[in-house]
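Two complexes are shown next, each including chain A; its partner changes from chain B in the first to chain C in the second.
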Partner chain A sequence: MLARLGLDEGERERFGAQLEAILDHISKLQQVDTSDVSEMAQVGELVNVMRDDVREPCLGAERALSNAPAGDGRHFVVGAIQENELDG
Partner chain B sequence: MTQTAETPAIAALERYEAVIGLEVHAQLLTVSKMFCGCSAAYTDAAPNDNTCPVCLGLPGVLPVINRQAIEYTVRTALALECEIPEFTKFDRKNYFYPDLPKGYQISQYDTPLSRNGRIEFPVGGETVRCGITRVHLEEDTGTMHHAGDVLQSATQSFVDFNRSGVPLMEIVGEPDLRTAEHAREYLVRLRQLLMYIGVNDGNLEKGSFRCDANISLRSREAAELGTKVEVKNMNSFRAVHRALESEIERQAAVLDSGAVIQQETRGWVETRGRTVSQRSKEYAHDYRYFPEPDLPPLRLDSAFVERVRASLPELPPARARRFVDQYGLNAYDASVLTSTREDADTYEELVRLGVAAKLAANWLMGDVAALANEHRLGLRDSGLGIAGLSRLLGLLDSARINGPTAKELLTELYVRGGDPEAIVLERGLGQVSDETELEALVDAAIAANPVAATDFRGGKQQALGQLMRHVKEATGGRADMPLVNRLLRERLSR
Partner chain C sequence: MSSTASTITALAASLRDGSSSPRELLAQTLAHIDATNTRTHAYLRTTRELAERQADAAARTLRANPESAPPMCGIPVALKDVLCVDGVETTASSRVLGGFTPPYTGTAVQRLFDAGAVCVGKTNCDEFAMGSSNENSAFGPVGNPWDVERVPGGSSGGSAASVAAGDVPCALGSDTGGSIRQPASLCGVVGFKPTYGRVSRYGLIAFASSLDQIGPFARSVEDAAIVYSTIAGHDPRDSTSDPRAVDDPLLRLRDGVAGMRLGVPKEYFGMGIDPGVREAVEAALRVLEGLGATLHHVSLPSTEVGLSTYYIIAPAECSSNLARYDGVRFGLRVEHPALIDMYLRTRDQGFGPEVKRRVMLGTYALSSGYYDAYYRKAQKVRTLIADEFTRVFADVDALVSPTSPTAAFPMGDRDDPISMYMCDVVTLPVNLAGLPGISVPCGFAGGLPVGLQVIAPRFEDSRVFRVAHAYEQATEWHRARSPLAEAAA
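Coming up: the complex of A and B.
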């Protein structure tokens, strides 16, 4: 998405300098010795949060489709997908 | 298995070695979905009825891990002799397709639930051993169909999210398989195992058990690995076998012509009997995996793992070995009788009810299997039931009825049920095994067939058949035929 922002020449220079400063600031982190710190996937301390295998009420098609841009009352409808264009 | 004429694929395997690895996706038999409480029975509902904000990928929702899905995956991993690391987490696999509403699939990347397993199975006379790289857990996608059902001409696609979020276990096999036959047997055994431990229903047609294959050929002379092709869209064991044979043949022809194999994905087209290119894999997919921030990681301690291990049933290979040791069956019978958990349980129940081990095996694998197939009704649920069959075989074993009578009664009572003993008494079906009575019939048979008697005395063994038939008919088919045989031989040797 970022790549789609239209910037004029002046903006490009101004934001370029700002981005540079941000990256410089963050690169200070590289000075920290992390050799004893294991990688983390999350900042929270939670583990093993699970639910029991119990069925709960669903929305049903009508409500599920109520905000869909396009539908036929039963399905979400999208433009045709050419199988060879995209990954499945 | 099938010893047919040499196929082109088998001929190609004299020049090239095929290297095959399989990936299986198996839906878990949970009641609810992987990360929400929607029903996982996606085929039972009208399109999009089994959906909620979580499995529709609406903003601001929080997935929560289904504990049963974790347990089923660990159960599978243990049955495949995998290691279960203490730490595991989920990751986001990002790609864009209309059946994936979040724009990413919750899967596992670098810390799968399990690794380094193996499965062994017989093919022909040899034991094939295939490593299991990993077993991990992810979520299934929605399903799509296309207007007009012809993809190229469709202008719209219709999406149903009932399947979105159904727990999907991925079992990645090592490239240890060398023939299409290996691949098929691997899948047969793996499916049997998953059904045995109650985690998957094994339905290839409906897609609850799906398979993709990676296959390359390498020259028997050179050691370097060939370029790998991924084959998809095989939804039967037969399709897997045919697709891989066809792919071996195709790749061998390409290599023979001096050309190179393109790395690509090919789909099996049943009607054309060959694979066709689906899309080029020149651009390696960048799925931008990163840890799923909405799901805290899991720490599976050894107490949990051991509890799951203890819940595993005796697995088919071990059970077959025990059947050989405990019941004196041969390896083939033991393997047939343990092919499903229900069959093996039925056999053991029958033996517990007092039926001789070999007798029970013969009847279950023969007449009972035929009737079960004919009526689409297992013995357990039939009118006769396991107890009824044990009484019927008891009458046979104690020589109160003979084999043909037992077969007739089995056929008659299989669906409608009834007490075999009462029917034997009521209709006078009891076997005639009184020696005095049979001796009189034997004498009458000899008197009525003097030529046959003379022939037999002259050394013509087949002549005995005519005399046996005479006695059999005289008793309405109820004679104890082994006894008749002995009495006839005694009489004629005097």
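Coming up: the complex of A and C.
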């Protein structure tokens, strides 16, 4: 559910077996001694890169919405978020 | 002169001595693509209108300032379909982005355009750059110009195949675990992955943000260096872009390898290497020795767990990056009155099987119960892998190895995910450590191209070019033309 993929029964079975094999393969990682090692999230030396807080040109609503499957000219439009909205 | 047989340097000369023009070159290129694309399917679309505008602008620049015009002025280029170009459909070979037309152009591509390059089309690739054979494209596989029944490698398979088919002298790809170097190796062309942070990722559709780099394919090391120096450099729009000045790789390109210490990592010659590949690469090492370099056996013991590390970190980052494909702001939407069901249906129908596998693997590795065991553990092993490179580079100037354990394999040959993942076993550690690496043609195994990989410390991109250039100039491999390029010439 975290992946937000609506899989059918066949996919569940197929992916289940494949992912099990992959997880089995990558589990050899557990044998590596990392007791004194810190984790690495990125390779660069850069930290907290900021830009000046000044306004810059931006896309604007029309271009930002130009690829939207549904929009009203100013907003992206989506379906019901709460189940009770479905009836309304 | 046809672009088929040419390098950027030769074409740049022909554009200045009047023997060719950007429009002529473009016409030849598009005709050539017409002839080869039915066999390779390297292009998802050509961009004639944009190319004609750019060719005319390049012609004006060349007329006004023939001497000071950049070397890329008027040169046809192809772009992997993960690179955003304003107004040109960009899909990352995924159904979920069908019809997506970016409202902006990415920095690396803009720099090529500013230098006068002529964009002829968008190339096929594995969906969201995930794959090693180009078979994961939602729009069909790519044929290798050396044997169209075989894969070109991946994920930048279309860019590699297009250069190998003689369509264009250069193309851009992206490399997350080997996606430039491995297809370059399998297609017999040069492919370069820059130091992480050297080329802006702004406008590159993200796969795994801490690993992705854009880089060039070309027919010579010098040409790859020309494209690289055009696209490299700091960009405030990418917070991982490094602000240090980029040294010109052409300045010391011809300095040779005499006196250089080259490391040969023993682990890179294990890993299921094909005997023909081993033979070609060992012969290449003797050539480098003959040029005055000394060879030193080195060990990178964590190579064995590199694959496992990569297949946690890359899917974890991909699962996060691909969360944006939800049917709301761009691309495919499969309608349903309830938002959550719209998400589920859109993503189920929009993504192909390999993307789904990685999204699931990534969300699993990042989920609270498994985060420490998988993601955090992988980040620690990544530190070990990077540290091993640092230690080895205290003793040697660069590393030399095969690029891929095998030459091009037949389509459909690797249907289980793990055997496909093995394709990148000697390229992906380079991404984990953020190093620059190149693949340069170094012979044939069973009639198919083999690549030599050269790796250097971070920000020593020029050294990679220098070693590769010395090797290339001492051999004839880079002059070999694929059967498809010969037939279409």
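Following the convention adopted for this analysis, the second predicted complex is superposed on the first by the 53 of 88 C-alpha atoms of A that agree within 3 Å, B and C clash if a C-alpha of one lies under 4 Å from a C-alpha of the other, contacts with A are read in each partner's own complex, and residues count from 1 in each chain.
The rule is short, and it goes like this: contacts are C-beta pairs under 8 Å (C-beta built on N, C-alpha and C of every residue); 3 or more make two chains touch, one makes a residue touch a chain.
None of the values given here were measured: they were computed from a predicted structure.
Touch criterion met: A:66 reaches chain C, while chain B stays clear of it.
Of the two partner chains, chain C is the only one touched by A:19; chain B is not.
Look at A:7: by the touch rule set out above, it reaches chain C but stays clear of chain B. Judged by the touch definition given at the top, the superposed model places A:29 against chain C, while chain B stays out of reach. More residues of chain A lie in touch with C than with the remaining chain of the pair chain B and chain C.
Looking at the shared chain after the overlay, A:74 reaches chain B, while chain C stays out of its contact range.
Chain A residues in contact with chain B (one complex) as well as with chain C (other complex) are 41-42, 44, 46, 49, 51, 59, 64, 76, 78-81, 83, 86. Interface residues of chain B, counted against chain A in their complex, comprise 30-32, 36-39, 46-53, 56, 64-70, 89, 95-99, 144, 146-147, 151-152, 154-161, 278-279, 285, 291, 293, 295-299. The touching residues of chain A, counted against chain C in their complex, run 2-8, 11, 15, 18-19, 21-23, 25-30, 32, 34, 37-44, 46, 49, 51, 59, 63-64, 66-70, 76, 78-81, 83, 86.
Within the complex, the chain A residues that touch chain B are 41-42, 44, 46-61, 64-65, 72, 74-88. Within the complex, the chain C residues that touch chain A are 99-101, 103-104, 196-197, 210, 236, 239-240, 242, 302, 304-305, 307-309, 311-312, 319, 323, 326-333, 335-339, 341-345, 347-348, 351, 353, 356-357, 359-364, 367, 373-374, 376-384, 386, 416-418, 432-434, 458.
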